Amino acid sequence: MEKYNIYVGGTFTQTNQIISVKNSFDNSEIAQTFLAGKNELETAITKAIEVKDIMKNMPAFLKYDILMLIAQKLNLQKELFAITIAKEACKPLKLATAEVERSIQTFTIAAEESKRIHREYLSLDWTPSGNNKEGLVKYFPIGIVAGIAPFNFPLNLAVHKIAPALAAGCPIILKPSRSTPLSTLLLAKIIDQTELPKGAFSVLPMDREAGNQLVTDNRINLLSFTGSPEVGWNMKNQAGKKRVLLELGGNAGLIVSDSADVETAVKKSVSGAFAYAGQVCIHTQRIFVQDKIFDKFTDLFVEQTKKLVTGKPELQETDFSAMIDLENAIRVEQWINEAQQNGAKVLYGAKRNNTFVEPTIITNTNNNMKVNCCEVFGPVVTIEKYDHFNSAIQQLNNSEFGLQAGVFTNYISEMNLAFNNIEAGGVIINDVPTFRVDHMPYGGIKNSGFGREGVKYSIAEMLEPKLLVKNIL
Amino acid sequence: MEKYNIYVGGTFTQTNQIISVKNSFDNSEIAQTFLAGKNELETAITKAIEVKDIMKNMPAFLKYDILMLIAQKLNLQKELFAITIAKEACKPLKLATAEVERSIQTFTIAAEESKRIHREYLSLDWTPSGNNKEGLVKYFPIGIVAGIAPFNFPLNLAVHKIAPALAAGCPIILKPSRSTPLSTLLLAKIIDQTELPKGAFSVLPMDREAGNQLVTDNRINLLSFTGSPEVGWNMKNQAGKKRVLLELGGNAGLIVSDSADVETAVKKSVSGAFAYAGQVCIHTQRIFVQDKIFDKFTDLFVEQTKKLVTGKPELQETDFSAMIDLENAIRVEQWINEAQQNGAKVLYGAKRNNTFVEPTIITNTNNNMKVNCCEVFGPVVTIEKYDHFNSAIQQLNNSEFGLQAGVFTNYISEMNLAFNNIEAGGVIINDVPTFRVDHMPYGGIKNSGFGREGVKYSIAEMLEPKLLVKNIL
Amino acid sequence: MEKYNIYVGGTFTQTNQIISVKNSFDNSEIAQTFLAGKNELETAITKAIEVKDIMKNMPAFLKYDILMLIAQKLNLQKELFAITIAKEACKPLKLATAEVERSIQTFTIAAEESKRIHREYLSLDWTPSGNNKEGLVKYFPIGIVAGIAPFNFPLNLAVHKIAPALAAGCPIILKPSRSTPLSTLLLAKIIDQTELPKGAFSVLPMDREAGNQLVTDNRINLLSFTGSPEVGWNMKNQAGKKRVLLELGGNAGLIVSDSADVETAVKKSVSGAFAYAGQVCIHTQRIFVQDKIFDKFTDLFVEQTKKLVTGKPELQETDFSAMIDLENAIRVEQWINEAQQNGAKVLYGAKRNNTFVEPTIITNTNNNMKVNCCEVFGPVVTIEKYDHFNSAIQQLNNSEFGLQAGVFTNYISEMNLAFNNIEAGGVIINDVPTFRVDHMPYGGIKNSGFGREGVKYSIAEMLEPKLLVKNIL
Amino acid sequence: MEKYNIYVGGTFTQTNQIISVKNSFDNSEIAQTFLAGKNELETAITKAIEVKDIMKNMPAFLKYDILMLIAQKLNLQKELFAITIAKEACKPLKLATAEVERSIQTFTIAAEESKRIHREYLSLDWTPSGNNKEGLVKYFPIGIVAGIAPFNFPLNLAVHKIAPALAAGCPIILKPSRSTPLSTLLLAKIIDQTELPKGAFSVLPMDREAGNQLVTDNRINLLSFTGSPEVGWNMKNQAGKKRVLLELGGNAGLIVSDSADVETAVKKSVSGAFAYAGQVCIHTQRIFVQDKIFDKFTDLFVEQTKKLVTGKPELQETDFSAMIDLENAIRVEQWINEAQQNGAKVLYGAKRNNTFVEPTIITNTNNNMKVNCCEVFGPVVTIEKYDHFNSAIQQLNNSEFGLQAGVFTNYISEMNLAFNNIEAGGVIINDVPTFRVDHMPYGGIKNSGFGREGVKYSIAEMLEPKLLVKNIL
């Protein structure tokens, strides 16, 4: 079985705790890697500290060259990365390929933004006490970044921490998900071949206990976590003096107005609901459709869902495959059952076979059902009617989450109502809440998160301003 | 008869050429002032040069204090200014008062912006040759500004040159319209009481010949002209090395979609068409109404127009009064006649009595008629049907002008089409093209102008960047 | 005795727990006010929630008008505020007057910035998936702000929380220091007369226990604390989901190079060391002087210090007065003694009389002494020699704090070294670390704080971005 | 003899007027190309108009891909381009290679900036009339650009027009210098292989008469000219309604303070004076050295100059070669003679052999001599003493030009004096005025130019703002 060494402070190494990485479609082992412990973490932190000043003083052209080189090498190995993601994450190859392309884009943007670190040049003479003085504000790297990445975009959500950190001039220690560590370890091989100083990047698969040191250790200056709300918010209160970024989950809502183009809305929302079996933070979970078009919408929605090609993740034609593990598949099945037992009607799907859960469309739900009020993170969507647009917004907002929302409409007035009143980090007009491009600000309010990602925005979080006041006479 | 001295290089003075200022409503003389000649202009230029460095080095807090003091004093004398404008420009008192309020706002914004002159702080290390270097870009006043202002907003369109110039640190010589010089001479009295160095502001009524030296004199660094296209474009080619800003006219179009609220659209567009007898650069001249609502729109439009209260400009209740002079009134009458002779149908108005021209609504026009293809600058509006939104845009664009346009619609798709395809400096959704607030960028394309006003934008034009490259090690 | 009612959710009220406010110069009672308890806090929070949406939707011109009106009313009552601060905080009248002027400035800037809330307009078409889409990012108020203000600038450091909160559209509950609550209660009277909705501002003197609810209550969305490092950092870990801003203390260092103008350096650093008896976060505590000019510097420094006029705070001529309370005066005396016992040499001062501690100049100190390594927050300065500039930076950085630092030098190379290498939120060239104007970014790194104040920067912390993605075709 | 076809509206073609391109080092013919006439220009303009809308609507990712592809292809053919420039411009190969590298950088920056076209999102509710309205300002391509490029950087100064135009979305017609057309024709071959629509780029060598149509033709919307002041300023007054950018010449000054490191100053200024035989707009022409170090500076300067390796341009070791043509070589010789006849002293050089003029160092000059007051554009530098820094600034400013200036100093006070008082577009501290990186704002004041280049700045000039006002309720 192929073994992936872990990347500790610039050295590829092994430990005595083996992790077996499996494809959840058939539970086959893909490869093995290693669990890092306290020692490895200590080495990673120590090495990161050693290169902190080199990173801080690295000229923009060198950061740019390193980041662009990573992007180019990723591009050359696109198929390898895609197949690795497909297998470790049980993600259909088409989507895995798109993820690699997005990671290339994320590194490219980070390269460009490394030359555009925000700086300010201020007049201070707004009162006599500031006369003949000027201010310059330069943003310096905050120090060492810890990144904790989830299983669902094993490459690109890690890259959303790595690329900005390097662009900002911060060493970064990445903890990938234990179930999907391979793609970031492959990435480590690429990064190891660049001029990035050894120690500025580490990849350490860890168990939760060891990983928790990333939260509490005061030598780490920023924690960027993507994962579940419960874990994330708990971290914030243990983080000591460090800055904390949380990208947590949601139960994203979508409104479809009768002024919208129904065909387009259906096509995009089937994809938003079932892409990667709904295991996406901005998975389209709750759809609110205007009365007049409700039947047309649901009929078309079921029809389109039926066309999804189901199969092994590593095949090019597959649209839909198994969930990440049995535990989650069973959980989703239970939530569907709970909804049905309380009066919900399944329009399609609902059956589970091992780790495979059918794309499931439910209606007649209420807000107490887990499929609505919790983050389902599985291939389930609920579709309900609304009469007035304002009531659709209310239903959508009736949630503890607020990551992104979507609205299909051709009315300016509805667009305005949506943007002013929907409680979310982003409101997507005429597309699903699942929409994301890598340079846009991305993150949630309410329980969905704290701070924003999106390359420029992540970089901003990883910088600390320093003001120079100087005389001009 | 009251005499207003002109303001030459910081001194109130008289010349031997008297200007009689009249209220065109009844041709009564309001006051007298004086024509400046070559000598006065030479004094103004010389004094401006003398204080150029003081202005350049004035700290922000002092510029702020001066500009805010002017705003406050204007506010205290609001009625005096309003009645003066009402009489000299034959502008209904309500509108004259609104103009003074806008001038107060323009000075206030300029005060604030004087503290926020744009500066840049650049990294230069994008290549090894820029390593360990940084750039600062500071914007310095360009030098002496000449402002040439029109009769129609005798105060605020002058203030749109004066306030930015002072905020930028530039001395300014203002040539008001000979028919409406009083309000800026009143303003000079206010400014004279501030700490602004004498010579940094002059108001010189001039004839065209003397005024032309403002265009050709190389000691003047920027010419800001508001007036007719013909005169403006000609100036650009005589301006030598100076920068030129032209705010010229237009024949602004408005599209009313069937998705719009017709009552709102009518109410706003009657105002856009007839406020100040249409003597406004962004006067709503051409309205294109969707077939289905055309009759309703025109009926309501005529009805609303009938309600306009006609009378002396200096009365509070007056909505509509005479034009600026007989020459223009006769010209407008001829254009209406020309349209009628070629098949146009008058829905309302069209009669002239001396300087007074009725609010006039015409339909069945074509694009060869002067009331459409030329800038009418009078109380005339044409209203035509359209079927498809794209054809409305085409009709609107069928003009040599492009200042502003308006669109009443509730469709996102129409808003997008309008913004992408309408050829104008500004597209106003759900309001008339006549909409303007004083801090927005304002100016036209095609024959309508060159450059932008709007306080921050004018200031930007009046500054010259200077780069400092410095080492950081 | 005059009684100041507290301001709870828009109502002036009393409780049964009286606070006696004293002038520490002679321990005389100035006035009485009241301690708020759980009930008052509950009312304040409830009322704040009630007006949250009104605040969020308030147009810029209304926020501007309210904030400018407050500034104008403060200006009209400048003397009253100054004498109140002088007495409650035992602050020399000159400095108290300067503080009021700065508060006027802080409100003015906030008024201006309320019109300039940051917004972004993004192209999204960097990849085909974003084609024909655009992004708008609008920043919405984060919700309810809790401000905890210190005794030393009882007005302006509270205003640095109040003014930005109102500008951002956030209701704010202010907890002033129990020893100096009067000036913010006076301010409440002014604010109560504006159009600000009742409930958007409360002033609640509280004991620590009641006050701690501001930290833990989840209905509050942001905590802005100015005070001691120990208390502040502890709050961060109890703050739950809210955002936290900490403006903590420091032991600010100043380097005086032999290239500097010694007279200027002495004049400014005596002020930095002894203004308000050193009870300033950016008090100049540690001075490092180049060998060659050390003797000249210290001689002049002692000479200048001797000239300080000592006396009652409420007198115009007073430069230097008593400390805030006996406890702190005794603490400072003990720290001086500890330094002397360990070999430090007092060049001037060191005697205590009740709450009065002489301006004290010490040399021959080391970094283990509390007068160096801790925040003295009293009228004590240490002056030491250095040979090479780099070693001065090292000494200055040898501290757990990093708020601001000063450097007097005429060498570009030293300015660059200082800015690149001094660990602080701000580096002031040719002035003392005590320099602050109210619109500059202000805040510390290391143990000195978390986040930045300075009107625009505080506002930014009080806003939450929301992205609108819209199609453009 | 190799023939280079010209590139007219997307087609490589020939005309019946042959241009013979020669290496001025030995007058050998390198290649032949063709003179475009009225017909070719008409084709180029017509084709440009045809693709104007495609260019305007091109998504950012496509512009990025095209521009990055050009950069990559240039990189692959770096040697070919370098040798071509070396021969056609008689430029030492080292410098020619550096020019190609800069062109790669210019295209890369343009690619990045094409994704970052400036946009604004404005609040309009500063007065009640703007309540519930928002503004978006999007910048659209201005239309067709004409670029006129000089001989001295035949590739990169053309690329500074081409790359920004394409990034902005404007078709561009380039007129290269007739003596150095080959490198841009090579570039055309690269660009022709990209997805850029045919017609969006043309390269037309023209004589002045045909070329003048680029200035006067109203279908062209912007003229970007780099060349001589006389020609440039004349164009501005013939340009009709189009925007004009002028990058003209200068006689750049350099001040060397006694606080500077003399060795570094000499090393850099020898290069600034003699690189490419001084045929550079920001050639270091006038050096002002502080009294105390004057002798040391001049001795070292002569010594360093002697080390320059003279020879054929196409050799790697060559530092210094012949001038562009005999006419200019003779002109420079005459100017040197004129200086000598009026009392100037030649410290080195001054001899001419055919097109070769020795690197020439002159002192004892005055400001009436052409070598000081005119743009020498040849291998001549004057070095004079100064006593006080202010007088050095005065001498430097005593010129009709103001492009860039340099100052070697370690004093903050001198840096400030220089930046505040030197009349130039850029002031370079501790480097020569000849310093340029391709993304910095670059351009002159006084007679040296109008507007700024530097990728982002050029793009800004090539855009026209359009405001969208929309309701938000």
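We just call them A, B, C and D in the order they show up, numbering each chain from 1.
We adopt the following convention: contacts are C-beta pairs under 8 Å (C-beta built on N, C-alpha and C of every residue); 3 or more make two chains touch, one makes a residue touch a chain.
Please read these numbers as outputs of a predicted model, since none were measured by experiment.
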Decide which interface, B-C or A-C, involves more C-beta pairs in contact, and give its chain pair. A-C
Sort the other chains by how far their Cα centres are from that of subunit C and give me the top one. D
Between subunit A and subunit B, what is the gap in Å from one C-alpha centre to the other? 50
Here the gap between subunit A and subunit C, centre to centre from mean Cα coordinates and rounded to Å, is 38
Inter-chain centre distance, subunit B versus subunit C - centres from mean C-alpha coordinates, in Å: 45
Taking each residue of subunit A in turn, which ones touch at least two of the other chains? 115, 122, 126-127, 130, 137-138, 412, 415, 419, 429-430, 470-471
In the complex, subunit B touches subunit C at residues 112, 115, 412, 416, 419-420, 470-473
Of subunit B, residues touching subunit A in the complex: 59-61, 64, 115-117, 119-123, 125-128, 130-132, 136-138, 409-413, 415, 429-430
Complex contact set, residues of subunit B against subunit D: 101-102, 105, 109, 122, 124, 126-127, 129-130, 133, 135, 137-138, 233, 236-241, 243, 415, 419, 424-431, 435, 437-442, 445, 447, 450, 452, 464-471
